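Shown next, in structure tokens, is the structure this report addresses.
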């Protein structure tokens, strides 16, 4: 019986690991120790912890660790505080392995704390390419990790080329696709997101189609966040379709985003845009699969939407170099460019789906790998 | 005028960066901001900060951050605390670049704090191979760093293969060799280390030859530290030559080492061994170049001694896979094996020196690189 | 020449110490080391640091330390982080004394860090009574402090009764009154706050009178914050006068406050209320002295307004047991009670001012005391 | 069923709370959540956690938090780190009350973390007088605490005079006396401490009498620690009786103490002194009650020894103003003065015991108080 400690620190992290958590909890040879930390505990970011518990997952430990400010200093200090706190959690739990997900600063905190405590570290979703601090962190975590459960063949290849033992690199697909697979199978929009989640802004009629927007601030271009969001808002206004707009996650620059949204709303009260903070992942995917297009710079457009065939307008460089399906159209930040892209994708309609990021069974594969893969801490570079 | 912030956290780190610090301080296009942190401030580890100031370097900021315990939890928490503290230091200094050295946990703390604060990160001595947590950390820091100033061609090659931009990888040699070059040029032993530094243990006569011992605990083999040190002590006792034994640096397991040394001393009071805690780097190198052999697992045996041609008995796996000159003889931990190796090396006598780790001008090269190399923060993997 | 380190952590703290800072900076026998920390660095709380620099004060060091969440855990962790950070600041500055102000969690952090570092601790504004965690912290800081510079005779008496040496307790008055004294001397409202500071909400006409609202969440009644703010909003709406409403400072519960304000605004768009985040202290006092009344639970109503004679409606228990002038009318949280109080105070008009909290020269007195009072660290209880 | 969280951070703290912990664990209306933290986890300070578990107490959570250095900065940072860590522990446990003991920096950390989290705080052993930073901290904790369980009537009176509600101040006696009462009842020395605990130094014959030494460094006289310990060593050497010397606990200055002891040992190898690091509390008390005298500045001489009637030579100001029985003789730091005091007390022989610090039932009284006393968090000063 292996005890597997997974640290979940944010709403998007949870979406990307959810089916793996459920599979670990259900696996006869595994025991799940779930640590919920960081913005997943915060009201301002939608308290993912409530969704987690509603999904039937038991939380072992909660760790508050996010510094105010959403600036570079806050990100650095959140990482440091996370290491301090998680070191205590790991020392008390003494799990057989620690799982860290993707590329956030809390991912790094988890990785450093586990590594120095000589606990085998499993990295989910390494090897991807994105640019910015996220990429540095993702590859640094790869160099700390002992087992790599990656989403795609391209990622596996990069992890191996960085000098990791090929035997420790397994392609499992991305658990976010598992959710998408469930939704694809029973996909009609059977609820009104406005009734279920409220949101703020205009009351929308969704029957004749709508678009979904999910745009994160780009950390290393901190001061420009507000301008970028304004361009996106203007483009959405120009397209004419009602828009369901999701609030960005905690990150340096998101204050800029929030301010941009807030002041736009004050000046454009009657535009058909409604803003949401958070949503159960399956509801969100149901919305997506029924939408005319996704706009923004979220990896959802690259991953889930490639599987679901949802037309995606990908803004700016945040997803640059990520492997992508035919559903993705890349545009710059300018409002005209964004609006033109949006029109083109809405007119195109749904694309055929691909298995690029998984076939819907990643959660099970991850649990199985955690149950049987050799777990050690002594690795060295292969060249 | 670029302001360069260098973080020095331990005695051995200082030895490895000293001539670069002096060259940066003297460079007309550079301003040095020197942060002294961690065990470099602690009495128990010889307060390297005093040596630093005696060398004419000005300290901008001091940061206490070492957790007691010398166990995995302490190492993790020291890293976390270091990030918290260094984030504040960097936020207040706002340097043009931060330099981090080698592979300790404070190296990681420096790297994470600088990376999240969008300050270009320069890594000195990346790309080497050693196994254990140090290697994981060293390569993780490589993935966070924007400019790589490495000691050897082999290291440069590994850094490039990890996906770093070849234009950002410069071979400068290791500054520790600069000191060795000074010492080689005027090498007679013109002082008695017992008079100058005291130490504890037997009074030794050094005229007829002596050996130097420097053996660190091996972190991932924590519990075995005491046994390993006992084997080394027995081997030195068997060889018959007087020994100058240097106290290990802070690290998980060093309590085991200290206890091993202490209880051995109580049982073998009259053996010709004397224990030292710390020494000015040049005095230490003078001792080395005049010794019959170095015994232990320190990188000094691989680096400085290969340049100086000092016969080295390298114990155990700590330096495994490091590039090495002909002066190094590898042995296991058993007392017989160590003793045999020591005898063989003493009988062999001095080796010809090599330029493997540098030619004595690394400090200047590092300063020049810091003055002219492009400093950015936006990189991505090359494949 | 004594070096005096003052730690300022929030907008209201700055208002309460500003003239003392200017007097210390100008004093021939004193050197000011000003540390700006906590919410004073945060956009969300109006970046008091910008005001501080605009006032001609030089900042020695900035320390980010506020945890997100505004809940009890965040307050505790902010205190802990503050101690860690300030210990480093004090170790590097080595001032002759550290000054801590009032009763916030950062006040406690400053006090603990200075005490354990054997630096004489000066507490400004001890001895007051307020209930809640603030009171516990204020008196705990008194027991850590070596010199007490208090605002009123009543406070001095309480500090002495707690066992402090009477020779170490000086009544200086409160520096916040110094600002009020300047404003009282040239008091006409010569600017439009909406032009100068923007704010959000309705455009107001202020010529026929207005009220000012400043209501903080009450920490130990965390969940009720939203309800309380709604009651206050309804009462202001009922009174009919335009209202300038100031956004609450960071503290557990203020998210509740913010949400209450936001949802009220969405439902009552045309009410004559305008919301501000921050304001230069003198502008704020100019607004106050020209207002019909102050409503809320801020100490401004008790201190500055008693000096200025501004009618004050003091809501709930936050200022309970604070010494107060005749200008203060206490009411409960219910909307009817608040509205009745507001009407009564508006009808009453200005009160005569009192010197209860100072005569306008507290800043100078504090600087003089810091220049000449004995500064030691060895005290013991007097009974 | 109340859940009571007790934080134990050091060997002496454990001795002072042990019987209360056992009584809480056994109490039908209480559930014990025991957090072991700080130096109680460290090898260098004798790992009190092992003793705790051997006593049958279950540890809920372990928290490493001691900074290296044993200097003022380390003490401050340990406090800050403790608050960060304990805030997480309390947030996860949500106990009905937190108990903090005496006056160490971890006591303060516990108090601050619990206070800001709105958990009722119980302080054991407040109200005592000692001078130095310990006294400041002890009284500061009193001002944070909601319930005071004190050892003596004199302490109760001081706590009340500081403005605490008399109904929240209960005299329970000190649990350390409970152990002493057990030992007094069956007091012959039935073991050889050298066999059971080893220790280092000379092999002693204890049959003809011995003295016990326990001398802590005095924090605010940091640099003098080494000199003081040397004086004590010379005095013990002069008295002629064998001495069992206990290693000082972690605190600023103890490095000075350790160094003093170490260098003395090297120069006086054959003196009849043996050094111990740690001992089960009952064994230690058995040693005490059979000794000719206790020498040092530990509170054991004031508390347990007054109950047991053991002649005590109390050195220096550390216990100044503590209530004391007739068994205590106060002396200064000079070797002659110490030696004369030691001779006088050895010649005097045992004193009659007193109930000043308790009658042997403090543990039960504390558990009963925790089960029935009102537990609130809203207090204010009584004057």
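Think of it as A, B, C and D in the order they're written, each chain with its own count starting at 1.
Rule of thumb we're sticking to: a contact is a pair of C-beta atoms (placed from the backbone, for glycine too) under 8 Å apart; a residue touches a chain by one contact, two chains touch by 3 or more.
If you're wondering where the values come from, they're calculated on a predicted model, not measured in any experiment.
Asks: Which one of the chains is farthest from chain C, going by Cα centres?
Replies: Between chain C and every other chain, the largest centroid distance is to B.
Asks: Pick the pair with more C-beta contacts: A-D or B-D?
Replies: If we tally the C-beta pairs in contact for A-D and B-D, the bigger total goes to B-D.
Asks: Rounded to a whole Å, what is the gap between the Cα centroids of chain B and chain D?
Replies: 41
Asks: Just how far, in Å, is the C-alpha centre of chain D from the one of chain A?
Replies: 51
Asks: Touching two or more other chains, which residues of chain B qualify?
Replies: As it turns out, chain B has residues touching two or more other chains at 64, 73, 77, 81, 84-85, 87-88, 91.
Asks: Taking the touch rule as given, give the residues of chain D at its contact with chain C in the complex, in rising order.
Replies: Result: residues 72-73, 75-77, 79-88, 90-91, 105, 108-109, 112-113, 115-118, 129-133, 135-137, 139-144, 158, 161-163, 220, 222, 320-321, 377-381, 383 of chain D touch chain C.
Asks: Which of the residues in chain B end up touching chain C in this complex?
Replies: It comes out as residues 61-64, 81, 84-85, 87-88, 91-92.
Asks: Write out the stretch or stretches of chain C touching chain A in their complex.
Replies: 39, 41-44, 64-69, 71, 73-74, 77, 81, 200, 250, 255, 266
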